[in-house]
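Order as written gives the chain letters A, B and C; numbering starts at 1 within each chain.
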Amino acid sequence: MTAVATAPAAEEASEGAVKTKKVVIVAYSGELEKTWATMILASTAAAMEMEMTVFVTFWGLQTFVKDSKRITGRNWMQKMMSFMQRPGISHRKLSKMNFMGMGPWMMFQLAKKYNVARPKDLLEMSTQMGVKFVPCQMTMDMFGIKQEDLIEGMGEPVGAATALQLMTDADSTLFI
Amino acid sequence: MTAVATAPAAEEASEGAVKTKKVVIVAYSGELEKTWATMILASTAAAMEMEMTVFVTFWGLQTFVKDSKRITGRNWMQKMMSFMQRPGISHRKLSKMNFMGMGPWMMFQLAKKYNVARPKDLLEMSTQMGVKFVPCQMTMDMFGIKQEDLIEGMGEPVGAATALQLMTDADSTLFI
Amino acid sequence: MTAVATAPAAEEASEGAVKTKKVVIVAYSGELEKTWATMILASTAAAMEMEMTVFVTFWGLQTFVKDSKRITGRNWMQKMMSFMQRPGISHRKLSKMNFMGMGPWMMFQLAKKYNVARPKDLLEMSTQMGVKFVPCQMTMDMFGIKQEDLIEGMGEPVGAATALQLMTDADSTLFI
């Protein structure tokens, strides 16, 4: 970790203090593996005292709907979409080898065996360690998702302009 | 927005002027949702007077072929590929729940209802507001796409070296 | 290329020398097209004398298993997963239009015709030109992949913390 202290990006701010690193993830996908990747990076960054913001948009927003919610939406199209794609972090599917839930089950078995935390636990840890999960206003409108549909600890919805501001101020941005 | 002015990334350039933020998107995917995400970010960044460049590569290039073009390519393999994947921004498909066009239709209905502009309109807006759409030379070669196949307002094709130069000079890069 | 020299990001380091640009790719996907995109960027960046690190995780790790390995893993679940998704850079599949290998065959024909190197050759070039390919420890654990399963020239496995350190020190990060 000595390399870190001397790395050029760890330059001192004008007040003489080391700048806090900022990471922004655009969580676009609702797939199990990508959700997992986001949660591992988010919780690790928080543990490293980086400033971590996850901008949650498109299919990614379904991950942050309460597990207990089966259907979301205000009209039949929105309800049908949520019906087709069950929301909630415990109901994510693999992008391939899903096999009616067999793939995720194997992944969870392996994770348990090798002490890798599940996405749901990582999400809880991340929220408690100060990761900011910010939902996309436009996605909430289009899918008819209300703030009370979302899990506890989510930030206020923001638009693309705020997301771009966060991204251009960050030290690293990932679209996952 | 006051926070923005005092944010560390908005530092002053040597001439005392605030540096223009630069964003580079690598538009790799030709899917409807990802095209939409790119267009929303591109048009918003342009409206915020950021310098926005979209490097268009692989499946993403099909999005920028004129809607009226049905088949592109110089040889049978290239023609067959374009036949299998209809080019043009109005013919993008959802990555899931496409249902023979039913999914996109529902998305467009919802977008209209909640005043979200379609990708085609956002593309036109972006071009007019100065977003640079730059096609990948290698993709044009491999798929046999000619400059006249592409929509008006596209930049000259560039290679991976130029793309990397743009990316490492940007404040934020996303691979979409 | 004159524009490059005067670009704001090419600022001088404190010793008066031009800073080496750093790029980090998170190679998450095992698909042929995305593997190709990663290899083109990696080899080009190395040729431009940028410092290029590829953090190899999830499905991406299968790409870096030796082509000669048919099955990897310590238990039946891991073995079954590697059986379903044949590892090795020569066995990548297209995300769409794969058609039992017909799509990749056409892509390779076109690449040959237009002098685009194959992923396997680009990988070899990249390794020789100093691109660092770093496997994700957690993925190796979960899939039961051992260091000797991987191709020659891979770095030591690292965790998410090291990956985040690399990413926040880089001039550009892409999640592919």
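Here is the rule we go by: a contact is a pair of C-beta atoms (placed from the backbone, for glycine too) under 8 Å apart; a residue touches a chain by one contact, two chains touch by 3 or more.
Computed from a predicted model, the values in this text were never measured in an experiment.
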Which is it for copies subunit A and subunit B: same residues on both faces, with over half shared, or different residues? different
Fitted rotation between subunit B and its twin subunit C in degrees, CA, nearest 5: 120
Per the centroid of Cα atoms for each chain, what is the distance between subunit A and subunit B, given in Å? 24
Please output the residue numbers of subunit C that touch at least 2 other chains, ranges allowed. 173-175
What does subunit B use to touch subunit A in their complex? 4, 7-10, 21-23, 33-34, 37, 40-41, 44-45, 47-48, 50, 96-97, 106-107, 109-111, 114, 116, 171-176
Which residues of subunit B touch subunit C in their complex? 13, 19, 24, 26, 28, 57-59, 77-78, 80-81, 84-85, 138, 141-143, 159-161, 163-165, 167-170, 173-175
